[in-house]
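One chain, chain A, links the two complexes that follow: it is found with chain B in the first and with chain C in the second.
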Partner chain A sequence: MLFTSLKFVLFIVVLFVLYYTVAKHDQWPLLLVASLVFYYMQDYRFLLFIVITAVTAYILAIATENFAARRKAYLKEHKSEMDDTKKKKYKNTTKRVQALYLAIALLINLGILATTKYTNFIIENINALRSEPLSFANLIVPMGISFYTFQTVSYSIDVSRGTVKAQRNFWKFLLFVSFFPQLVQGPISRYGDLSQTLYEEHKFNYKEVSLGYIRILWGYFKKLVIADRLVVALKVLVSDSEMYQGGFVFIVMMLYAAQLYCDFTGGIDITIGIAQILGIKMAENFNLPYFSKNIKDYWNRWHITMGSWFTDYIFYPLSVSPTILKLSKWSRQHLGNAIGKRIPVYVACFCVWLTTGIWHGAAWHFVVWGLMNFAVIMISQELEPLYAKFHAKFGLKEKAGYKVFEIVRTFFLMSSLKLFDCYRDAGLTFKMFATMFYKPGFGSLGSSELLNLGLTSSDYIVAGIAIVIVFLVSLYKALKGRELREFLFEKYPLFLVACTVLVIVIAVFGAYGVGFDASQFIYNQF
Partner chain B sequence: MEDLIEILKDLHADVDYDTCETLIDDKILDSFDIVSIVSEVDDKFDVAIPAKELIPENFNSAKALWALIERLMED
Partner chain C sequence: MKKISDNDNAPRMRVPELSIQSQSVESSDEKIPVNIEPVEEPIVKEKTVTELLSLVFKKLFTSRRFIAICCWILTIVFIALTVFGLYVAQRLVMPKYQHGIVEGSMIEEYYQSGVPHEVLFLGDCEVYENISTVTLYENYGISSYIRGSAQQLTWQSYYLLEDTLRYETPDVVIFNVLALKYGEPQSESYNRMTLDGMEWSSTKWDAINASMTEGENMLDYIFPILRYHSRWSELTQTDFDCLWEKNRVTVNGYYMRADVNPEGEFPPAMPLTDYRLPEASMDYLARIAQLCRENDIELVLIKAPTLYPYWYEEWDSQVRRFANTNNIPYINYIYLRDQIGLDMTVDTYDAGLHLNVTGAEKWADYIGAYLVRNFELTDYREVPEVATIWDHDVEFYNNLRDAQLAEIEQYGELMSWGVNAIE
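Presenting the complex of A and B:
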C-alpha cells in the first residue's frame, strides 16, 4: 500500500474517523491495530520480523532495568559493609552483566538487519573472487527494517544507560516499533520523544488537525507534482551513460537534487502530518538543507534523525572509548599534540561515514559515497583555520553576497555527491562527473534533447513553477523563522484557499496516468 | 576550572566562558569540539567522560562541564 495510492488515503480517512470516535483510552490500541494491518498489507511475512525485534528488545530492556534496580538496592543495603574498592569491584562486575544484556539485544536485532540486507552483497563479493559462484540467498527484506531496527537499538541503549525507563506494556512497545507512518522512510524516532504523545489520550484539536492536513497536502504536492514527474527524465538520463554525458550529467545533478529533496521531504511531511492530525508529535527530519553553509551544516539539516542517531550511538561512544583515548594519548606522545588531538575525531568520523554508507544500501557505491562525505568533512575541518583567517582579512563572514556564495557552493558540492546514488556505480560516477569538465557540450543542449527524455514541455513548465513555489516557501521559513502554513492558519480564509488550491493542483498536475507511475519513496529502499 | 577554561579557549578563543550558558543550544560547540574536550579532559584531569554523559545539559556552560568533571572524579 503506497502512500500515494487511493487505498492509503482511504485507510487514513477511516483511521482518522475511528480515532476520534472510539473511547480515548482505546486510541493507542487502535493505532497498533492499524499499524499491524498496514504492515500485513505490505507482506504478511514482514510481521514475523518486526515482532521478533520487538519481543527481544522488550524482554531484554526489562531484564536490564530489573537488574539495575537490584544492583542499586544491594549497594544501598550493604553500604556500611563495603569500602570503596569493594564497591568499585561490585560495580564493575554488575556493569558487565548489564552490558551482556545489551549485547544480546543488539546482536539479535542488528543481526536480523545484517542478514536480510547484506547476505547477498557478501555472496556477490565472494563470487567475484571464486571461479565457482555461490548461489544467492532468497531472502525477504522487510519494509522499513533499517528504520525500526535503529529505533529499537536506540531504545535498548537508552534503557541500558538509564536515560529512559523500560516500557512494561508489550503492546505499547510494539506500537513504538511498528507505528505505521514511520515504517515507510522514517524519521528514526527516539522512545523518549515519541512515547510522550504516542500513548496519550487525544482530543480533537482543530489547529493541529488543520496544520497536519495542509502538511500532508504539501507532502503530496512535492512528491506527485515534482518528484514523480522528474523521475521519468532521470531514468532516461542515467540509463544510457554513453549518450548522456557532459552537460546532461549537470542536468542529472540538478534534477536529482530536486527530485530527492521533494521525494524525501515530501514523504516526511506526509508522515509527520499524519501523526499531527492524530495528535502525535514526531521528530523533525529536515531544516532547510539546501540553505546550508557547509557540509557539516548540511548534515545537521538533512535527515536529522539519522545524523543524530549516528552521533549519539556510534560517533560519541567510539570517540570516547578507552581504546581510542589511549590511542590519542599515544599519538600525542609520539606524533605530537596536533595529531593526537585529532585522532579520536578522525577515527570515529571514519567509522560513522563507513556505516552511514553501508546503512544506505548493500553496494560499493554507497560505501564510496559515505567515504567521500568523510573526506570532504575532514578537508573542511582542516581548512577551517585558513577560512577563519581569510574571513577575518576580507571581512566576508557577515556579507550577504558571501553567505549566498557559501549556500550555492554547498548545494553544488552535495548535489555532486548525490550522483553516486544516480549512477549506482562508483567508477561510472567519477567518469560521468569528469565528462562535465572535459566534454561539457552545454551549447548543444537544446529543447529537442530535453523533450526526448519522456517529459513534455508542459511537464517542464509545471515542474519548474512547482520548484519555484517550494523554494519560495523555504525562503519564507529561512527569513521569518517559522513555517508558512502557521502564518496561513492565522489568516484563516487564506488557509482554506491554500488547501483548496493544493488539492486541485495535486489532482490536476500530479504525475500519474499514462507515462507516469506513482512510485515508492526513494528512502523506502533503505 | 582554570585548566578547563584553557581547554575551551583553545577551541574557540572568542567565547566568554564565564557567562555563556548556551554553548550547545547556540551551536558554539559541535560534536567534534565535544570529542576534543573529552580527550583533553581525560589527558589533563585523568577523568573519563562516558558517552551517556555527552548530553547538552553537561556541555552548555563551562560551569556545568566542571560540575560533571567533579562528579566523575568523586565516583
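Presenting the complex of A and C:
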C-alpha cells in the first residue's frame, strides 16, 4: 500500500473516523491494529521481523531497568557496610551486566538489520575476490527496517543510560516500534519524544486536524506534482550515461536536487501530517535545507532525526570512549596541540559518516558518498580560519548578497554530492561530474533534447511552476520564521481555499496512474 | 434629562461605569456617599437596552462556540466546493468522444432517449453501424434502440441488457454473435468506451468486474479522474464546449456513415488451432437467454451480413446448436445478402467491413419485415406522443445524412466524421 495510492488515502480516512469515534482509551490500541494491518498489507512476513525486534528490545529494556533498580536498592541497603572501593568495584561489575543486556539487544536488532540488508553486499564483495562465486542469499528486506531498528536501538541505549523509563506494556512498546506513518521513510523517532503523545487520549482538535490536513496535502503536492513527474526524465538521463553527459549532468544535478527534496520532504509532510490529525506530535526532519549557508548547517537541516541519532549514539559516545581519549592524549603529545585536538574529533566524525553512508544502503557508492561528506566537512573546518580572515577583511559576512552566495554555493555543493545517489556508481559519478567541465555542451541543450526525456513541455511548465511555489512557501518560512499554513489558518477562509485548490491541483496535475510508474518514496528502501 | 443618541460614542463608553456605580449605590448607599444624581438613572436604563443588544451580539460573535460553528459551516461549504471542483475537473478531463472516435458516447445516449423501445439490439459495430433504427421506424413503426459500442464483449452485452431492464422491458432482443469469439477482456480503451457511459448501479459494477484487463482497477472506474487526469495537457475546445452536455452522435444507437468505399478483397481466413467458441462468452450467451426468458422477452441471434472479420463455419454451427437447444431463432445474414439486396460496391463505407447508410437501411428494412412477421409489435407511427419524438429523430437523421452528403460532394470524403475528424 503506497502512500500515494487511493487505497492508503481511504485507509487514513477510515482510521481517522474510527480514531475519534472509539473510546479515548481505545485510541492507541486502534493505532496499533492499524499499524500492524498496514505492515501486514505490505508483506505479512515483515511482521515477524518487527515483532522479534520489538520483543527483544522490550524484554532487555525491562531487564536492564530492573537490574538498575536492584543495584540501587542493594547499594542503599548496604550503604553502611560498603566503603568507596567496594562500591566502585560493585558498580563496575554491575555496569558490565547492564552493558551485556544492552549488547544483546543491539546485537540482535542490528544483527537482523545487517543480515537482511548487507548479506548480499558482503557476498558480492567476497565474490569479487574469489574465482568461485558464492551464491546470493534470497533474503527479504522488511520495509522501514533501518528506521524502526534505529528507533529501538536508541530506546535500548536510552533505557540503559537511564534517560527514559522502560515501557512495561508490550503492546504500547510495539506501537512505538511499528507506528505506521514513520515506517515508510522515517523520521527516526525517539521514545522519549514520541511516547509523550502517542499513548495519550486525544480529543478532536480542530486546529491540529486542519493544520495536519493541509500538511498532508502539501506533502502530496510535492510528491505527486513535482517529484514523481521529474523522476520520469531522471530515469532516462541516468539510464544512458554515454548519451547524456556534460550539460545533461548539470540537468540531472538540478532535477535530482528538486526531485529528492520534494520526494523526501513530501513524504515526511504526509507522515507528520497524519500523526498531527491524530493528535500525535512527531519530530521535524527538515528545516529549509536548501537555505543552508554551509555543509554543517545543511546537515543540521536535512534529515535532522538521522543526524541527531548519529550524533547522540555514535559521535558523542565515540568521542568520550577510552580508545579515542587515549588517541587524543597520544596525538597531543606527538603531533602538538593544534593537530592533536582535532584528530579524535575527525576520527569520530569519520566513523559517523562511514556508518551514515552504510546506513543509506548496501553499496559502495553510499560509502563513498558518506566519506565525501566527511571530506567536505573536514576541509571546510580546516579552512574556517581562512574564511574568517577573508570575511573580516572584506566585510562580507553581513552582506545580503554574500549570504545568497553562500546559500547557492552550499546548494550546488550538496547537489553535486547527491549525484552519487543518483548514478549509483561511485566511478561513474566522478566520470559524469567531470564531463560537465571538459565537454559541457550546454549550447547544444535545446528544447528538443529535453522533450526526449519522457516529459512534455506541459510537464516542464507544471513542474517549474510547482517548484516556484515550493520555493516561495519556503521563503515565507525563512523570512517570517513560521509556516505559511499557520498564517493561512489565521485567515481561515483563505486556508480553506488553499485546501480546495491543493486537492484539485493534486488530482489533476499529479503524476500518477497510467503513463507514470508508481514510484516509491526514495527513502522507502531504508 | 439629557438623551444620548446611539451615535454618541463618549457617553456610551461611560455606561458600564455608571451602571456599576449605580449598583454600588443600591447595595451600600449608607456606607459610601455617592454624588450621583438620581436623574442619571433613566439614561442608564436607556443605554443598557442598546448596549445589552450590542453586548449580546459582541459576545455571540466572539464566543468560541460561535466561531467553532462558523468554522464548521465554512469547512462543510468548502468540502462541498472541493467535491464539486473535483467533479468539474473530472468531467473536463474525461474524453468526450465527439469527433472521429465517437463510440465512447453511444452507451450514455440511451438514457436520453424519450421513447419506449420494443426491440433492443445488442452487439458491436456489426449492429451500431449496420442497422438504421430510423428505417425500422419509418417503414414498420418499430421503436428500437441499439445498445452497442466498439468491440462490445458478450458479457458487456449481457450487463447492458440487465441495465436496460432497469428502465424498460423490450419485447424482442436481437444479439449479434460476432463477439462470442472473445473469451477474455480485450483492451482497456474499448472497455472504457462501453463502461464509462453506463449509469451507476450494481450492474455497472458487475460489468466492470467482468471486463477489466490486467492493470485496470475498480477505483479508476469509480473516480475516472484518476485515470484521465493526465489529459489536462491535451484538452481541446470540445472538452470545454461539451463539459455539461454532449452532442448526439447516434440516432437511437445507430451511427451513420454516408460515404462509399466498395468492398475489396479480404485476406484469406487463417486456420485456427481451436474452433471452439470460448466458454466464458457462451456462458454469458446462456445468461442472456435466461434473462430474456425470465422477462418474457423473445431473443433472436443474428450474424451481420458483412464478411470480415471472418465468421467461421465451425462457430456458426456451435451457435446454431445453442439456438436449437434453447429454441431461439438464429439468422446468419451472410447467406441472405442477395435477399437483402445489398450491393457491396455502394453499400459499404470501408471496403466491406461495415455498411454505410444505404446498406444499413436495406438491412434494417429486411429485419423489420422479419420482426413484424414474427412478433406482435406496436406501430408507433400511430402513437402520437411517441411519433412526435421519433419525428424529431427522423429529422435529425435526415439532416445528418444531408450534411454528410454535402461534405462528400465538397471534399470527396467526410471531413467532420471518421478518421479525418479525430482531434
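Rule of thumb we're sticking to: the second predicted complex is superposed on the first by the 524 of 526 C-alpha atoms of A that agree within 3 Å, B and C clash if a C-alpha of one lies under 4 Å from a C-alpha of the other, contacts with A are read in each partner's own complex, and residues count from 1 in each chain.
The working rule: a contact is a pair of C-beta atoms (placed from the backbone, for glycine too) under 8 Å apart; a residue touches a chain by one contact, two chains touch by 3 or more.
Bear in mind the structure is a predicted one, so any value in this text is a computation, not a measurement.
S.K.: Label the relationship between chain B and chain C on chain A in the superposed model as either fit or clash.
M.R.: Taken together on chain A, chain C would fit alongside chain B, as the superposition shows.
S.K.: Quick check for you: in the superposed arrangement, does A:Gly267 touch first (chain B), second (chain C), both or neither?
M.R.: In the superposition, A:Gly267 contacts neither chain B nor chain C.
S.K.: Mind working out whether A:Pro187 is in touch with chain B, chain C, both or neither, as first, second, both or neither?
M.R.: Touch partners of A:Pro187: none, neither chain B nor chain C.
S.K.: Of the partners chain B and chain C, which touch A:Val508 in the superposed model: first, second, both, neither?
M.R.: After superposing on A, A:Val508 lies in contact with chain C but is clear of chain B.
S.K.: Going by the contact rule set out at the top, does A:Leu6 touch chain B (first), chain C (second), both, or neither?
M.R.: After superposition on chain A, A:Leu6 lies in contact with chain C alone.
S.K.: Could you look at A:Val345 and tell me whether it touches chain B, chain C, both or neither (first, second, both, neither)?
M.R.: first
S.K.: For the superposed three-chain arrangement, provide the angle chain B-chain A-chain C between C-alpha centres, rounded in steps of 10 degrees.
M.R.: 150
S.K.: Once the structures are superposed on A, label A:Thr163 by its partner contacts, choosing first (chain B), second (chain C), both or neither.
M.R.: It touches chain B, and chain C stays clear.
S.K.: Looking at the overlay, does A:Ser328 come into contact with chain B only (first), chain C only (second), both, or neither?
M.R.: Once the two structures are laid over each other on A, A:Ser328 reaches chain B alone.
S.K.: Considering the aligned complexes, could you tell me the closest Cα pair distance between chain B and chain C in angstrom?
M.R.: 36
S.K.: Both chain B and chain C contact which residues of chain A?
M.R.: In chain A, no position sits in both the chain B and chain C interfaces.
S.K.: Please output the residues of chain C touching chain A within their complex, sorted ascending.
M.R.: It comes out as residues 68, 71, 74-75, 77-78, 81-82, 85-86, 89, 93, 215, 219-220, 223, 225-227, 229-230, 232-233.
S.K.: Which bits of chain A are touching chain B when the two form their complex?
M.R.: Going through chain A, the ones touching chain B are 161-163, 296, 311-312, 315-317, 319-320, 322, 325, 328-329, 332, 341, 344-345, 348-349, 381.
S.K.: Spell out the residues on chain A that touch chain C in their complex, using ranges where they run on.
M.R.: Per the stated touch rule, the residues are 6-7, 206, 456, 458-459, 492-493, 496-497, 499-500, 503-504, 507-516.
S.K.: Show which residues of chain B lie in contact with chain A when the two form their complex.
M.R.: That would be residues 30-32, 34-36, 38-40, 42-43, 48-52, 54 of chain B.
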